[in-house]
């Protein structure tokens, strides 16, 4: 019991929870946009790696932090475009294309990193984003360090949640995206382009996914390690179902997950002698599986998700 | 004049083979670009890769050795994908199979020597099979997608194995290095050729390919698997037990991946460690797709992928170009064969008809 | 008197799909305020023509022209629903093009506002309110579409077109999903809209409706225009001949000879109220030598009845007995083996595995029987032999037993399914929408087979949205509405309007208790 109070009572815990949640917020938002439009993007794991590597490398080569963020987003958008061409234009299997993109993005990233920095004993580092202090808010005891000392990327993630929600529910574009993921025929019969909407959604979503990776190398840590993404992309795919494809719930889900992960890390520090470390490390993955299993039955899946679609025949 | 796409009535074996070969070839060709970007000469790179994969008896045996687990994980993916069961968990199933082999074959169990090898194989098959049956049941009961669950389980399994290796299964004689107690001599696969690393596991793989091929073409189960994979609703309506068939597929698929793990432990390393598999499970997916989900084709595709990895390792040592080039080839092969499948479904027609009045 | 310039003009429209000519040099004019019925059998080319008009397909030859603001006809750019909508053409598709997760209002707004803008919900709402008032198409705009009834969804579809200032409204088989009374309501709306200047094209294969509501009729047959006449001058017989061409032998049904009950449902309930499969307290029996026709608007529980008889569901309450033994668990294989033949409603989705061969599909239900396999190994020779016999016997047109089933036309797929299920001389047959989408020749074929099976002593239940088909086949009628089944009695005592009332859930006068 004291252990629990120790953990929850430390401002560091809450700060860590938000920090762990941030890449997931980007990833879940990105996956949500793709799936709302009716396309599953299993390239997310590889796009995380690509965003992490490309963003970091850009900064290392002198582009400045926000330059790195832009490069990461572009890298994600590029792989997203490839996935969109394969699945929307050529109508190929979304599962296989996604896995192919993950393998491609990962191998391209690893090869580029190794080639650019061939002989290193420990990975070179950059100066990452620093926590932003908000006058007034950051000085509040406990709450300040807990909630208001995050880096700009975290604030960007939260802002994007609001932006995506606004676009999805309050603009004609969002309406069209929600419609195309339910019944592409409804969109086509109203004179809109199913392809255009889906390609746009996938590219935008993939750019967001890449930002999740960029956060890892440019904010949470300051270097690129092989295997650093470690399944976060897949966890996002599970969390999207849990979030019912809604941006607000996506934020909530990511934060809950971040809290759980931060909790398990600190718990390990407290009782790690008794229980092997790996048990704690397993918990996030098991939790994701549990979350998915619990909500899958009642989930309001976008009806057209994974359904093959061909335009009313042209020529 | 315009270009038109017409659905193809069927695609001949010749066309399928052409697409598979072309995919591998195009992937290799595309990779010339990163090689040049890294400052290398593509032609010499290809030459070194070919030599490293096939240039000597030693090279050939290394390639076949590397192909052994890939045949099995390729078959695992092929049979699952035929039923539209997306088994992306072959990596985890492989480790579970290896774990089972160590538990049975390192001395905890007292078994007569002659039974050891069958015992570890059965244990490995069942362990891997179980690892796939569970997500399949979750899908049937709760509607939870097996793709994400099998993917996440890979991470869980590797952590589980690490935990056991650093704990109860730790080899006290390994000077602190985290690895399991070794397999007893009678639980090890013999070499096929003395002084080379190719082992009996290869024959297990070849036999599995033949059995799977027979199953798919000649048995009722193979028929039911095809129906369930191609149109689940129609299969169910016609009285085929869909859930039961999927569970059988899950057991076979996971079991084959488990056998891959058994082979690596019993034929190559003789102990279990966390780096037993450098992604054999995932590469198996590419093997299966390159083979067009064909069991016999999986053998050839596995040898190709193995050759790429072994050749790239050798080339990398000689030129300093990162061996991740092999992963690039593998990824590109998958995407190429995916695009190629498009041409198996459609044919491109140049339309010379008159313009409309 | 000079003819007024038409609102819409199609000239020499031709469309080919491979070797099939779906539309062959068809020309058509539509004037303001006119209701034109496009009549023809399934496969005559009506939907293809309208899909070209609306821009889903591109014609191979011919021009579509629309009356512009300046009073002249201008050609419509082909292949673009956006261009068609812009020119004032609206279409209500046979299978609704609605996003079920959105409200009616949102569906109507979809695509009408610039994507990169903030949208005008309020303005849209008031414009639609005006249209509703003028046209009489009442519907709740804020409910999610998946909670609306079929009739309400259709109204949203029409509102979509009217909201975009359609001057031409195309309706593709609009009454397929309505009761006779609801169809009447639709016709009232169409007449009102036409009186306001709207041009309406209304596709149907039902002669009666066409005569009731149209000003002019155009008949298509085999992709060509077979004839065009004013409704006032039209004669039923003449139109039917135009539709069908050569005389097809009418299927004559002799009196049935009902025997013992083979399959019965006793106070069966399934699912929860409101679900489309739901059934309440349903009781009826299928007797040997009798054809039962189950009439009803789609979505009233027929899926539930079909699922029960197919072995895909078991009752939540009540009992089902088959040959005097209760059925306790759902198993299609079980029912097949005990002699129940089922024809699925959606033959492409549930009936055949398209990528497997004709022989494989014919063998699929019996694959584990001793004739086709042994010790788990397939006997391909036996399978091919059986397929060859079935292909010959049932006239399944296909390149051969090894051809993939997806190459077959709808009619031949249905014949394949008939071959598969009737070969075993089943004692109970479920025929669900047996001739949907088939041309007249294939229809008679199927009807003849069903009646022949009845004459052999089988108990048959036919579920169909086509009352004509039921009157052809059924000895006795059941009518389903909102999950309740009513026994309407022997076919001889019934007429369309009585059935129509029952389909709408109202009792005809003669059913009420005499005081």
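Annotations for the structure displayed:
Letters A, B and C mark the chains as written, and numbering starts fresh at 1 in each.
Here is the rule we use: a residue touches a chain if its C-beta (ideal position, glycine included) is under 8 Å from a C-beta of that chain, and two chains touch if they have at least 3 such contacts.
Note that the structure is predicted; figures quoted are calculated from it, not measured.
Viewed as a network of touching protein chains, the structure reduces to a complete graph with every chain in contact with every other. More contacting C-beta pairs link the chains of A-B than the other of the two pairs A-B and B-C. Mean C-alpha position of chain A lies 45 Å from that of chain C. Centres computed as Cα averages put chain A at a distance of 28 Å from chain B. Centre-to-centre spacing of chain B and chain C amounts to 47 Å, using the average Cα coordinate of each chain.
Contact of a single residue of chain A with at least two other chains is seen at positions 315.
Touching two or more other chains at once is no residue of chain C. Taken together, the chain A residues at the contact with chain B in this complex read 42, 82, 86, 90-93, 95-97, 99-101, 103-104, 106-108, 110-111, 114-115, 118, 230-231, 234-235, 237-238, 241, 276, 278-279, 281-282, 285-286, 288-289, 292-294, 296-297, 299, 315. For chain A in complex with chain C, the residues that touch the partner chain are 170-173, 175-176, 178-179, 182-183, 185-192, 300, 302-303, 312-315. Note for the complex: chain C touches chain A at residues 51, 54-58, 79-86, 91, 93, 95, 97-102, 106-107, 109-119, 160. Touching chain B in their complex are the following residues of chain C: 12, 18, 59-63, 310-312, 331-337, 342, 344, 349-356, 360, 364-365, 367-368, 373, 376-378, 404, 407. Within the complex, the chain B residues that touch chain C are 6, 9-10, 218-224, 226-227, 230-231, 233-241, 353, 356-357.
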